[in-house]
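Just below sit the structures, each encoded as structure tokens.
You will see two complexes here that share chain A, one where it goes with chain B and one where it goes with chain C.
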Partner chain A sequence: MRIFVETVGVLAPGLQDWESARAVIVRERPYVAAPMAAVAPASLPSTERRRSSPAVRLAIAVAEQALQRTPLSPQDMAMVFSSFEASGVITHQLCEALAGNREVSPTQFHNSVHNAPSGYYSIAMNAKLAASSVCRGKWSFAAGLLNAAVQALADKLPVLYVCYDSPLPAPLCDVMPVIEATAIALVLTPAPSPKSLAVWDIALNPGDGETAWPDWAPAAWHANACVRGLAALATIADPACRVAALPFSPELNVVVSRC
Partner chain B sequence: MLDRTAIAARIPHAGRMCLLDRVLHWDERGIRCTAVSHRDKDNPLLEAGRLPVWAGIEYAAQAAAVHGALVRPQATLRNGVLAAMRNVNACCERLDSIEGELMFEATLLHSDPAGGIYSFEAHAVDALAGRKLLLSGQFTLMYLDARHGKGK
Partner chain C sequence: MTPLSILAYTTTSAAGIGKAATAAALCDARSGLVPNDLEWAPLKCWIGRVRAAEELTLPAAFAAYDCRNNRLALLALEQDGFVPAVAAARQRHGAGRVGVFLGTSTSGILSTEIAYRQRDTHTGRLPAEYRYETTHSLNATTEFVRGVLGLTGPAMTISTACSSSAKVFCLAERFIRMGLIDAAVVGGVDSLCGTTLYGFNSLQLVAPDICRPFDAARHGISIGEAAGFALLEKEGAAAQTPARTSLRLLGYGETCDAYHMTAPHAEGDGARRAMLEALGRAQLGTREIDYVNLHGTATPSNDRAEGHAVYGVFGAATPCSSTKGFTGHTLGAAGITEAAITLLSLEHAFLPGSPTTRALDRETHCGIVLRGRPAALSRAMSNNFGFGGNNCALVFGKDG
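After this line comes the complex of A and B, so read on.
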């Protein structure tokens, strides 16, 4: 299925936006690890910013980056959010509360749900169209991308797609080693626009569930679902790269081909 | 109108997994099929002797696969998968308790060489009580294409 990429946002340690990610992908400059600055989304009212989790702020900040690069309004977009584990910090705190005095804070409970980022985002942006939250473990990037593309084509709407991974504290990180925060945002449209960055053909092909990591990507990122999306971004950044296979299951890849 | 044999010739499913009975109507935009296999004691989708309403998604997906074959009669038989689903609503729990025929309608929302996005509805059809909605939603059928393999 053919889909148009309107804009991209990237946030990761050492990659503060799409320009810096693009330069690393095409090897104009080497990847340099650097701690990520505190993420403070401008669109989130200060009360909401205080109440929200790091995962929420990460997801909204990367969405803001993408939105800055398109005249399309967030109110006119449907939304798809995906993540391996939406908010590991909150999950950890809930587990601590349950193991201790069993007094779970209502704010934490409300921040723990997988669609908390989409909820905060839709309030911040006054975005009232359909929002989906996708979780498919380490295959979340491909699953969310497929859902976003399908929705754009079926409903003939631009769709904001955000895939984000927020670090998990110990001991959860032993089983799900998300160590660094990473996030990718895309706006997909069903038809070309003057701003379209790329045209993608999306297909489903047999695969083995393995990811071909770019050699510059830190090994610490390999548990992050969204980092698998870097291969798709390479088809936009790098004229020499046309096809990216994004693992979707142990048997299938979502294959993105730049037209 | 296509019968069970004609349906089986157009989808990769075989034997009892070929769930639909007849194609009542089809055109470029969609397809309407009936099924009686929901009453079968050897239905391959039974769970603990019951056919859960979600099995209706597979019925509807097979209707969409037949539709894909009918609108592209020259294409070779292709394997496809149900790649994405949205807005699935069930109005009952099980299908095997429904005595009459089931009717599955799939309507094409977006057509593509890689597959198609369909909305679907399943109804119970009863001569006296009329049609009763059982299940509705939207899914994406994608054909597998080995050309790219693992990609780059």
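After this line comes the complex of A and C, so read on.
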């Protein structure tokens, strides 16, 4: 399947956008850990921003980065969001409340659905086409990417793809150690545009579920599903890197090859 | 679009375990809902509980997956010859050419709720036996079902709240059309948990009484648990197998309201666009649809908005009903549960009614059927709408 990458957005501690991520990937500069600045997506009205969760703000902020670099309108895009846990903070708050007096707040509850970022995003952008929210555990990046590429090609429309990991508090982080926020956004198109950054052939190949991590990526990110997408971004950033195998299951990789 | 064959399907909910029991409940106007008797969630409401799933034991190889959601998944898988039908598809196409796409809203979060009640009082740690990845994770049931069925093709979970297990049909159609797979197991599983019971209650959307879709005096939802699956395949691919079927997926529509996180658009604009897109993909006019299975949650706002949208698209003549009075609102499993009920209606030539609805809301102008009745049906639509304004409509047909 041949798909066109229109734009990229990246958010992680020490990587505030695609430029800074690109420079680290091609080793123009070393990765330097730095706390992530407060994420405040401009498209979310302040009332909605306050009601939303950190996961929602992270996902929308990285989507905004990708949208800033394309003349394509978010209203003409289908949407695919993917995440392992979505919002661990909310899961923790709900489970604590249920273990206590069972008083759940309505805001917590609506923020607990896996598609909360997709819902807030569609409201913020007035985006009314199809929106999906995907989970494939630690392989969620590959699953969401494949879903997005298939949708773009099958229905011949641009697709916004966002994969994000929002930190989990204790005690959940003992069993699911996502401790830093990371997010990647892509706009994929079924045909080339003047802005296209790369052309990818996407295929399914046998795999073993394991990830080859870039040596600069902090070990603290290894529980984050979206970080497994850095290998795909390397095929855009680095002329020496043409192929990336993204684990999708115990038996399958989604293989991205730059044309 | 090119239709897909539905080679097998199955549904398990409070209304019945398997197709025959569910069809009997529909024909007999027998609700599966009961007053809430969950000792761990003492909330005044009615629920759709599948007790038979609670005592089930998972195969030893899958012991790590043991939780309420996966027990319910296994109970449903074991009905209606579904596993042998998938085995035949695996034989025809190879295990890697059959996808698994399941919907859920809360997966096995009940396991985490229980673990939080058992936290160490000094350290706050979760009990050692708690397993996040194989119970709580939204991927847990998909991986479990994939393992039980011996499939190695593309797999993922869709979680768009109450449209989750309708949208998996759309995903499967695109994967088959793009040639990545030849067949797909689609479906969904959602089980009772404190998160949804107390969460919907916090939004004042849980009825203290049994749910009464489109009733003038409706007060909200009754939450149910359910699991169901369907096997989809390219038309003609199974022509030489004895298990021929005449059921097909004809079209689908997916939209967002872009309006509010928990309330539907007042005029049901997103629902309307989803229905129109589904008709467009199926290349059918509204008069060619014989029945619409409504989302019909029995909240005042959903039924008002959906009734408005359905009347706008179909007028008053097309028979429609919400079957949530039989099953309860099965949330992430509502899509597959109501797809299965729609397919049962086509197969049994029966229009389901709404057994818990007493007096129809006078503001409702679409063609609500309150009492089920026999009717020859060729094509039918099933609607599901979720939080985040996430809408999906499916169109199914029967040959001949």
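The working rule: the second predicted complex is superposed on the first by the 259 of 259 C-alpha atoms of A that agree within 3 Å, B and C clash if a C-alpha of one lies under 4 Å from a C-alpha of the other, contacts with A are read in each partner's own complex, and residues count from 1 in each chain.
Criterion: a contact is a pair of C-beta atoms (placed from the backbone, for glycine too) under 8 Å apart; a residue touches a chain by one contact, two chains touch by 3 or more.
Note that the coordinates shown come from a computational prediction; the quantities given were computed from them, not determined experimentally.
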item	value
Three-chain arrangement built on chain A, chain B and chain C clash or fit	clash
Which superposed partner A:Leu153 touches (first chain B, second chain C, both, neither)	both
Partner chain in contact with A:Lys128 - chain B first, chain C second, else both or neither	second
Touching partner for A:Met1 - first (chain B), second (chain C), both, neither	both
A:Asp201 touches, of chain B and chain C: first, second, both or neither?	first
First (chain B), second (chain C), both or neither touched by A:Ala244	first
Partner chain in contact with A:His114 - chain B first, chain C second, else both or neither	second
Which partner, chain B or chain C, touches more chain A residues	C
Touched partner set for A:Ser257, first chain B, second chain C, both or neither	first
218-226, 236-244, 254-262 or 326-334: stretch of chain C that collides with chain B	236-244
Common interface residues of chain A - those touching chain B in one complex and chain C in the other	1, 132, 143, 146-147, 150-151, 153-154, 204, 252
Residues on chain A engaged by chain C in the complex (per definition of touch)	1, 79, 84-86, 91, 94-99, 102-106, 108-110, 112-116, 118-120, 122-123, 125-137, 140, 143-144, 146-147, 150-151, 153-155, 170-172, 174-176, 204, 248-249, 251-252
Interfacial residue positions of chain C with respect to chain A in the complex	41, 96, 105, 109, 112-113, 115-117, 119, 124-126, 130-133, 137-139, 142-143, 146, 152-161, 167, 170-171, 174-175, 177-178, 180, 194-195, 198-203, 254-262, 270, 273, 386-390
Chain B - residues contacting chain A, complex	81, 83-84, 86, 109-110, 112, 114-115, 117, 138, 140, 142-152
Interface residues, chain A side, partner chain B - complex	1-2, 132, 143, 146-147, 150-151, 153-154, 201-208, 210, 212, 241-245, 252-253, 255, 257
